[in-house]
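The two complexes that follow have chain A in common; it is paired with chain B in the first and with chain C in the second.
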Partner chain A sequence: MLTEELVDLSRLQFAVTALYHFLFVPLTLGLAFILVIMELTYVITDRPIYKDMVRFWGKLFGINFALGVTTGITMEFQFGTNWAYYSHYVGDIFGAPLAIEGLMAFFLESTFIGLFFFGWDRLNKWKHFMVTVLMAVGSNLSALWILIANGWMQDPIGAEFSYITMRMEMTDFWAIVFNPTAQAKFVHTVSAGYVTASLFVLGISSYYLLKGRDLDFARRSFRIAAGFGFASALSVIVLGDESGYTVSESQKAKMAAIEAMWETEPAPAAFTVFALPNEAAQRNDYELQIPYVLGLIGTRSTTETLPGIKEIKDKNRTRIESGIHAVVALERLRKDRNNAQALATFEAHKADLGFGLLLKRYTVDVAQATPEMIQQAVDSTIPRVAPLFWSFRIMVALGFAFLLLFGLALFYSVKGTFIEKKWLLRWALWFIPMPWIAAELGWVVAEYGRQPWTIYGVLPTHISVSNISVGNLYGSLAGFVGFYTVLLVVEMYLMTKYARLGPASLGTGRYNGETRQSGGGGPLPAGAPANRI
Partner chain B sequence: MDYETLKLVWWLLVGVLLVGFAIMDGHDMGMGVLLPFVGRNDLERRAVINTVAPHWDGNQVWFITAGGAIFAAWPLVYATAFSGFYWAMMAALWALFFRPVGFDYRSKIQNPIWRSTWDWGLFIGGAVPPIIFGVAFGNLLLGVPFHFNDLMMSTYTGSFWALLNPFALLAGLVSLGMITFQGANYLMMRTEGDIYRRVRTASMLSGSLTLVLFALAGVWVASGIDGYVITSAIDGNSLPDPLYKTVVVKAGAWMLNYNRYDWAIWVPIAAFAALGLGVMFAQLKKAGLAFWSSSAAAAGIIGTAGVSMFPFIMPSSTDPRSSLTVYDAVSSHLTLGLMLGATVIFMPLIILYTSWCYKVMWGKVTTEYIAANDKSAY
Partner chain C sequence: MKKFLPDFLQHPLGREIALAIAIKLLVIVAIFYAFFDGRAVDPDADSVADRLVNSQQHTSP
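For the complex of A and B:
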């Protein structure tokens, strides 16, 4: 029996493991390209300090990457262990990008990361550079395919339901690949990764500058991070806006909840900057609005309206009532696939099948659904407003803060005075965790905002779970939390240790705290003093 | 390509991916199994670990991709097996956690307790998953207690402990032996001196043991285990619906394919021959040939399980008609065709660049190398 407790625990476990996995992904996505930039500078200028930069930031990249791999294994198999009905129902579509991700991206990234770390002495510098490029391309391609899969969950195009196989089946692969929702998500997500990595490099470099050590190394790292970070922060906002536009096209309920928009407003709608959403009364207790802005962002017109929560619910009620006929007819067809009358009814109501399945949460026999159950199902079609409203706003505010920080960092980099701007260096250092917060909130907006569906409008979350005992879930959830806590402590310890140690951890003898004799590297080549500013 | 042919091709391709996993990830898992025993001090252990340092991550993708391919090609198997074998899957995943962090973090800190902890972590990450996958295969041969309702929701009615029955445990040991043999032969190619002597002994021992255990499992399957037979007509081109067939349990049914197809018997024969040759080549100090023999043995052993059960993938012991087969657990015609295309394009590329990486990094990993590269080696 699929109890609420089982479903909630399955969701909690997925959220915990996905959010945790996503602590490591953005840094991998972005740092890979920063390594590419640094190494390109090395192969062009031939200055060893850039090689040291690739190797040192690469070391931190490796510490992060190890946990990305570890936690990624869970994600690949958790659909099967905990979301069995989901896996059956949409595996025909959802499985393909996952498998292609493995074939096209994971192999590339994971094979070349080995040569990235261990191939320095065995490859010439151009070949090693190519290895780094392929590793970066591989990691970003994996983001492409997983977001194509996720984009389909948000906007399930290019597929059709079959009552014989009792699942969704792919009808148009290229529609799924070029799904605008997926493409907008991909560019927004990788840009967020680039921001994360840029701020990571910027902040740690600022730490060395504040301490007055490894100045040459830190100064060059800072500049690369400032330039790459500014471009990324700009694109994350622009492309986030694109993502918002696709949401308002395909997921009107999510949009309305994010905006705490209870009523349909005349076009163009106002953007609510601040509000206290009141779920019970279906209104905002207090709100501060800027006229016209939301309508312009959401519809890119001055005349189109965005539907409010109450209007969406009315439409969903009609679809749920129609969906009941679809479910009942489908159940007859499953007993006798030649029942022509059931088939005719099913075909007439097939588009609302998912809405009918929402009632499975309240009753096994959907035909017996009471008006109260239908009302509950209608209410469930809107995700809870307050968490979405606030997650979205904090994410956006952070996005603009990043743009400002990188803008200033770039400005003073160009002027060449950033080392004197202690406030800027401190800001960069203390802001290191913020991109992670923004990224996690972005996940909340996208995935919590998709509720009550796993596949938007097609498959309700409630029936997507594996039919296993609640005890299993408590056990595995405890296991994941335990393992992940220990791993996080270990990772943070190593990351902090090596970040504090700085480039001296390479043992070249050129950096802070090292005596010239120690380590495997020789003394500096003439004309490249270590602490030149 | 018609639907029936694609279904058969995907049965082969999943097999190829599992064999690829056993050969590639198998040799670094086998390294993990042997690590605490063939490396007697920190330098030796580091030499052993660094034979796979540049490669373990790429090798692990065989596992991930096999998982993804089963999801895409056999969604019902992915859904039913992984949710049914819930605790087994969790144990395998958690054991695998030790590998990436074990490899990358182990030598970043000098402390001997820290390093020895991760060595045993790599041992767990190398030993537990092969045992579990072997146990899983054993249970597939026995049949698994699960059924579908009309809407194709699966329910597994067994327990975790029921998975650990004597036959399945034997299958787990076959799998562990096979992986250890593979790892030992790989290490023979990449090490020298004391370590080489120890892994050579380990190779001959694990190869012989695997041969005996595999023979024992064969006798058990032939004489003591009921197989499954589809009794309704099979239309390979029909839309997949497992509940649309009838199945009976029958003693000795897992041997029927060996009567039906002349070539089938060569699969287990190849497994025995490869195991024997592998031990012989290890004895003769022909490490490369021993490695290819144990790779062929992995293909033979996995192939034997597949051929015996064909067309079944996951028979149901409690509701035989719910059994999942090559014909009715598959995804749509379009998806199978598309995935075949992706595999045909990418698999040769993967083999090509993986080989290049091995070529670049090839050579014996010595304790002197580790001492000289203290900061950059694992």
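For the complex of A and C:
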């Protein structure tokens, strides 16, 4: 017997593991490319300080990778344990990009991470640089295939439902790979990773500058982070806009909820900067709007309208009523595959099968669904507005704050006066956690906004879960939260420890707290492991 | 004994990373084994059909 508690706990468990996992991912994605820039500078200039920069920031990259790797495996296991019906229903499609990710990108990434750390004495500098490039490409390719899988959950194209196998079957692999939703999500997500890593380097470099230590090292790191961060912050906004456009095309309910747009407004719609969404009354209180902006962003036109929540609900009611015919016809087809009339009915209504299945949450026999049940199913097609409205706005506000910070950092880097701007250095230091907050909120918008579906418009969430006991879910959830919290604490401890030690942890003898010796090799501060990376 | 180890395990960092990954995998496998072994379903077309069309799964609204 499925209960709401089982569905909610399964969702919570997946959300918790995904959000924890994504604490590690963006730094890996972005720091890998910053290492590429630093190492390219090293191979061109042959100045040892750039090699030290690659090795020191590479050390922090290694800590993050070592702690983060395997945290994503739990999600893949959960597809089988907690979401067995989901896995059967869409595994033929969803499994393909996950398998490619595992076979190609993950092995590429892991292999070259090994060579990056252990190849310094075995490869010449150009070969080592190529290793770093391949490591960065590998980690980003890994993200590509995961986001192709996720993009298909948001916009399930290139597939068709088979009533014989009772699963979605792939009809066009390349449509899934080049799904505009997936591609927009990929570039937006990796850009967010680049911003995260840039602010990480910028903030820690600012710490050294504020302390007046390792100045040459910190100055160069700061400049690279400022330049790369500015380009990334610009990208994340532009590509986020593109991602929003794909949402307005393929997930109109999510877009309407993000914008708390209850009524369909004349084109081009206004963008609501601030409001208190009142879900009971289906209106906004204390609304502050900028005319035309949402319509231009969401439709790229001045004449096309964006549907409001009430209009979307009306359309979804029609689809649910059509879906009832699909479910009933499917039931007949399962009893008699040669029933031509049932097949004809099913073919006519199968595009709305998922909407009919929404009623399964309220009744065993959808053919007997009452108007109240249909109304409940209609209401469920719109995710809760307030969490999406605020998550999106905080994420966007942080995105523009990053652009401003990196813009100023780059401006003063070019002028050569950034060391004097203590307020800028403090801002960069205290802003280090913010990209993580923005990225997590971005995932909340993407995934919470997809509800009530696991596969948008195709498979409702409550159909997807396994029949397992609530007690097992509570137990495993506690286990994952405890385990991941330990990993996070260890990560933060090691990051703080090595960030404070700074490049002196390399043991070259050239940095703060070390005895100055030409050629390096001087004593280290207590606790600093020399030549470990 | 160290000389019998693969190259990357002769390096202290290599040993630490390998140990960390092994411990993490063990913990993850232990959690799944403790709470899901023998309890997760393995749906086929008929059981999915049961879920979709002959469902016993009425849930409270």
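Odds and ends about this structure:
The definition used in the following text is that the second predicted complex is superposed on the first by the 515 of 533 C-alpha atoms of A that agree within 3 Å, B and C clash if a C-alpha of one lies under 4 Å from a C-alpha of the other, contacts with A are read in each partner's own complex, and residues count from 1 in each chain.
By our rule, a contact is a pair of C-beta atoms (placed from the backbone, for glycine too) under 8 Å apart; a residue touches a chain by one contact, two chains touch by 3 or more.
Predicted, not measured: the structure shown is a model, and the values here were computed from it.
Considered on the superposed chain A, chain B and chain C are sterically incompatible, since they clash.
In the superposed model, A:Ile312 makes contact with neither chain B nor chain C.
Touch criterion met: A:Gly114 reaches chain B and chain C at once.
Once chain A of one complex is fitted onto chain A of the other, the partner contacts of A:Asp92 are limited to chain B, with no touch recorded for chain C. Counting the residues of chain A touched by each of chain B and chain C gives the higher count for B.
When the two structures are aligned on the shared chain, A:Leu23 is found in touch with neither chain B nor chain C.
By the touch criterion stated above, A:Tyr498 is placed in contact with chain B alone, chain C being left untouched.
By the touch criterion defined above, A:Ile224 reaches neither chain B nor chain C. In the superposition on chain A, contact of A:Val247 is made with neither chain B nor chain C. In the superposition on chain A, A:Ile100 contacts chain B only, with no contact to chain C.
Look at A:Gln376: by the touch rule set out above, it reaches chain C but stays clear of chain B.
In the superposition on the C-alpha atoms of chain A, the part of chain A touched by chain B in one complex and by chain C in the other spans residues 62, 66-67, 69-70, 73-74, 77, 80-82, 84-85, 87-88, 114, 117-118, 164-167, 330-331, 334, 463, 466-468, 472, 475-476, 479, 483, 487. Residue ranges of chain A in contact with chain B, taken from their complex: 55, 62-63, 65-67, 69-70, 72-74, 76-77, 79-82, 84-88, 91-96, 98-104, 106-108, 110-115, 117-120, 122-123, 162, 164-167, 169-171, 173, 330-331, 334-335, 463, 466-468, 472, 475-476, 479, 483, 487, 490-491, 494, 497-498, 505-507, 519-520.
Of all residues in chain B, those touching chain A in their complex are 53-58, 60-61, 63-65, 67-69, 71-73, 75-76, 78-83, 86-87, 89-90, 93-94, 96-97, 99-101, 103-105, 108-109, 150-156, 239-241, 331-332, 334-335, 338-339, 342-343, 346-347, 350, 353-354, 357, 360-361, 372-377. Residues 1-4, 7, 62, 66-67, 69-71, 73-74, 77, 80-82, 84-85, 87-89, 114, 117-118, 164-167, 327, 330-331, 334, 357, 360-364, 376, 462-463, 466-469, 472-473, 475-476, 479-480, 483, 487, 529, 532-533 of chain A are the ones touching chain C in the complex. Against chain A, in their complex, chain C makes its touches with residues 7-8, 11-14, 16-17, 20-21, 24-25, 27-28, 31-32, 34-36, 39-49, 51-61.
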